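Notes follow the structure.
Naming follows writing order (A, B, C, D, E and F), and every chain is counted from residue 1.
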């Protein structure tokens, strides 16, 4: 006789599956990076309690299906080394993953080894994990190292896109225009060639850093400061899938985290109290209150740097 | 140490328009200069360009300049009395003594006529110094023909053959590629005849081949090369082919040497 | 003559030297590498021996000290042509044996080859070399193959070891500077072996142009020019004339480094250009470094510093290309 | 002395990283499902040749970084059991993964165990893998079980979204309106309540099957046929990120695969021959030729079923 | 009397029976489960014993055979009221002991409780029961606790075993049908033990309404009504009057199953409603099944088939709720 | 077997409008019926609704119908002479004999006056049959007052107290909740007084409490319940509370039983 509180089960990172009494455990890996030693744990769970398979999720985690619901406490105990190793915020040891509303903070590899990454996405993902988890509100956050957006930050409620402000040393520029041509072809055409040197149009520049990568003489280098573009309220789904739009360009890391935390307060204020299982998706809340109200809450006590540009209005 | 990059200024004495984009500028100049040599001509703040000497006269050199870029475009806006900056002459140029007393054939394609014009001028004025003198000239179309006046004058003393790739209405002269006319040239003694070929790379390649086919010896064939140059003095590297700097060692080459110049 | 002193003492002498010298050495530029959070090593003026990076190869060679990347040749003000002032100070460059050899190549082009270049000469005559030794061969070095692993054409030799600075002076100019320092036996060690060995075929000539070996580079090379720009011997430049945006009556003529690998190097005003295929450019470069320079000047241009191999984003090895010439010659013979 | 053909390296599913001479190997897992026994292989590679860590990619694969380029042949040999196990199309055994242009066919868990999945996404992913791999053209394909689109099919060149055509038995309907309310709230409001029974507006119906799931009496059931919505030419990236738009609704599986194969022929015809490394992204090709030309090629010899609806025009 | 025959022979008899009977049994509906590629088991007419699913519990109970989900009460044509025709055939239902007990509950409501329902009666009187035995208790069954594990109120008993059909007939109606069949000792086995055991507190009364136990269901229950719809004893309905879209002059009055868990069950026309909290609905249902029905009719409504526990999408266990009443009574005493 | 769901048709004899949404329909009916009983009234194709009898007379019953849904809305469109469908009467109704000779107090809130109107009518016509008769009536506002004419007539023979929750302009009567007026009723012998309370659930709850506070015995308090009903005959289940079917066992309950009816 199973008498299972499905809401608690879901909040404990298990899922209700098609098969009665069977669950799948979700292993969230913030930022997608992990030591392979934890693979043994996953292997053991899948072989001992599951059906021997694992699904790699699009948010960079694992799902081990075919687990009897009655084994959930055992699984939670087995997960502890992973939870410790990944430094997951947990409510109590041995109780498994504590959240399901806010999704895994996913991240491309970022500057860990990708040439295009403008910052350490894995670290930022973990920092955000520390700041917001566990949380039941339905918020999707992803961090990506550059505007190539391999993580598909534009399909998230918060997409954090790494930027660098390219620094130009005209003395080192030989006018090969590698940067200019590349920027036009692959980015936004923010570079012009004038008087045999390059002029950057800051308003067009997306901070991808491709000019730095392409420059054969080191005339372009990265800014000491790291910048972030925060894009918001993208979503897939049945109702009206849409791409996230630019909220702030040239933001700093601290502000980005603060804005996310502020947004959770905004959610508490405005969420539809009638929403099924308190699961109103943040995007729909913003649809209801309008962007200006969201902005007001999001930017509360945020000290944006002098370069930051906040969107006056957003039409999704 | 002399600064070889410093240009001198030179007054424009005369401007003659040949085509929409080809003008000849007669520039004030006194000094040694040979046909086939070139100057680096510049307008400060616009840039420099290597330009062949097309005519050498008393107190002047003439430069035929095609409007193909920023600098030449600007030069075309100049008026008589304005000043251009120049440095040079650079390069080896043609050694007229080599050709004297020989059957001489000059084949020039398009603007390639400019660097050899000095040679032709010389022998047209002194036809007696050559055993014979043939000049074959090819242009894309009638409206591209350069030095029409000179050509008319030349025809009085030497053999001239003018052809265009594509005729247009009203044109009644020869048509077809210059290579077709190589066979028409009368050559008495192929072993000793001297041939000068100047023009676009492809024209030079096939025209030289035609002359070789006619039995002309490689060592009696001369070509002049055009390459990108920034300095004219063997530094900038753009004109180098193999171990040869066109600016220093050319632009005029005997074909025995030129045939090894693979870009 | 050899000397030994503390770092602090050496730095005092450096300060003394700075009265008459600009002192250049490879330094670490934090975060200025191509990729995020990567560093780079480039030549810059130093104020302390601690600024000098001894244990790694610089990305760019010291050539930029005497052959600036961008160099103004004249200023134009309306109709006047004005040459820039030359800095009064002399120049000390910390550099390695291969780089000293490389400067000799630059000298060949810029001081000889029919004309002398006054701009180069003006800087070059001010330069004195401070030799840095290579404790061991760096990755991709093949100086031994190119015979540039040793030199005695230096003015000073400096070694930093266990907090002490060892100096050998071969130029009497510095006699006064070091006269009070502790004497020591100091002489540079040279690398005698590289992991990378390059063998230039003895029968190498233009026949190799026909080899299929170049085709590979059509696909692999991206014609970025990095190999040229980091090279200590590449000497090409391009001219640029500009108006100042603030006053179009004034402007300048300048030159900047050029690369035979980069689009535009052979473009003529009329539109014609040569070596469109990247394999042809690779061939042109390789042959210049190990064949035609030698033909013209009697010794190879390449000094085997390996910087081209260090930098190539496509992992093309120049050294390996040279070695491939051996098979290529067999192919075309 | 490294002399590495980077194009070949990339086509062999390795990557150029920030660190000179170091590579990361990519392990593509079509559909994201694998037996955990292969975890041992990944573990061994990471520990023996890498730095002990692994990155879980957003396309459902693994990247093992920190590998010396010279060890690539060894790694390829070690990967063979995974390649065999996942039935990856391979050019020759022991040579590793053979493709890099076309990305891993990614998939949500689909009806393997997700209650919302309308078909077996893992199987379709494998079927497409078999049909198109290896291929160097830059095409992103993802399959998702339902319009919730957990895999973010709307950010792909081809997004395949599972549909079912709900079958209604009015006799079993008690008029609780669970389906009607849910469809309005979570889907597209395709259901109306008329005369105490439910009427479905086919033109609004997205085939999500939520009505079937919500119906307490089994009045709604799934159609025997499985249907697919094919959405196309979504993308992230620097230039103009955009969401994929509906190309065909109510398509059949065979047609979908055929359309993808046709598109590769279209690419060969229209790709910018000058494109850097032949890497023009399919979306930009469609931008150039226009939708109608794409459509002509895509639908060549495709026999769509009677229910299929093809978009007349698409404005991305 | 017991008989033994081949499946084929049994199916012949089935065909014979179909002349006078509609024969209903639990059948497998491929792909008609709630989720993609899942099946379901529901009552439907059968043509062969092979259609009958013996080894699994049906999702819905057999009640829909006698209490249709949607049942037209009258047709209206302008001002006339016309009752639908009643099917002439009799009905055979394959069902289990618990379900037979359940029908008894339906009879209590529909045939007795002051008024008799003619629609129900019309079908009910046609029904004969074919008992299916439970080899072993299914998941969630607690028939033993509810005393519904055994019955002798059946007309036929049918067992399918190793390709043979064993039939026990307790109704002489069928004497003729089976008279030529091989005799055999056939009698049903009944489940004597369930994994799930339910204990209804002896002192249970309305005081338990005050227990906190119900609060849990406020959160967990989603008020979908599945527990009612699959239940063999739930008997509630709602009336619906409609116009035909094709001719608004004609229409019908019908009734459909209702669920005390679903929104609207208590809504009055004026807007007032009761039991808004899902925990209250749970309480209402639980108490009806194991308390107040008993109070009115003298035996418990619930027969322990466990279908409500099988179906609940939120994994709420009715059986466990009943067991929680014990602690709840202690809490409120 | 009788089909209890089959309605009979009945002619509308008279329609009286009380408020915007409350009309009384006098329906042709001959048969046994008691105050407090109800009919299932329907218009085919629109639906059925349980409606209390508010007046019983010779050959007719009157039904007060508030327009609150599809069916009642449609009924309000009917005219005198049109026919409604009905079945019933259902439920127990009030047993007038219980109240005879007693002090009787009826407290009715809003439409709750309809089911008790028959009782009041009876005692207003036969005031001598009660020891005393008080009727307290509460409405939300003056415009919601039902049976104005009857009330005026009643006041001639029995004690009537009318109050509204909110007065409006021109209204000069009592205001406030009905509970406030319970204390104003004169009760001689609380032990024997009979009280009937009908109205919305919340009104009934507090009003009954007030009477209990006044010393009325629970067994002398009577209430009438309104619940959703689909059948009226103990089948559909909607009106069941605990083991009680309002349609069968009510809608009139003695408070000793009613107090256990927790929904």
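Throughout what follows, contacts are C-beta pairs under 8 Å (C-beta built on N, C-alpha and C of every residue); 3 or more make two chains touch, one makes a residue touch a chain.
Per UniProt, the chains are A, D = Anaerobic sulfite reductase subunit C; B, F = Anaerobic sulfite reductase subunit B; C, E = Anaerobic sulfite reductase subunit A.
Bear in mind the structure is a predicted one, so any value in this text is a computation, not a measurement.
The chains touching chain A as well as chain E are D.
Here D-E and C-D are compared, and the pair linked by more C-beta contacts is D-E. Two copies of one sequence, chain A and chain D, touch each other mainly through matching residues, since over half of the numbers at the interface are common to both.
Chain centres here are Cα averages; for chain A and chain F they lie 64 Å apart. Computed centre separation for the pair chain D/chain F is 67 angstrom, with centres defined by C-alpha atoms.
Put simply, the C-alpha centre of chain A and that of chain C have 44 angstrom between them. Rounded to whole angstrom units, the spacing between the C-alpha centres of chain B and chain C is 38. Residues of chain C in contact with two or more other chains: 35-36, 238, 240, 242-243, 258. Residue positions of chain A touching 2 or more other chains, listed in rising order: 16, 18, 111, 115, 117. The residues of chain F never reach two or more other chains; the list is empty. Here, these are the chain pairs in contact: A-C, A-D, A-E, B-C, C-D, D-E, E-F. Note for the complex: chain E touches chain D at residues 29, 31-32, 34-37, 40, 42, 59-60, 68-70, 224-226, 229, 238, 240, 242-243, 245, 256-259, 262-264. Residues of chain A touching chain C in their complex: 111, 115, 117-120, 145, 162, 164, 170-176, 178, 194-196, 209, 212-218, 221-222, 224.
Of all the residues in chain F, the ones that touch chain E in their complex are 1-7, 9, 42-49, 66, 68-69, 71-72, 83, 85, 200-201, 226-228, 230-231, 233-238, 240, 242-243, 245, 248, 260, 262-263. Residue ranges of chain E in contact with chain F, taken from their complex: 73-74, 76, 79, 81, 83, 109-110, 113-119, 121-122, 206, 209, 235-243, 248, 251-253, 255, 258, 260, 265-275, 280, 284, 287-288, 292-293, 295-296. Residues 15-19, 22, 24, 29, 32-37, 39-40, 42-43, 46-47, 52-66, 106, 108-109, 111-115, 117, 147-155, 185-188, 206, 208, 210, 236-239, 241-243, 276 of chain A are the ones touching chain D in the complex.
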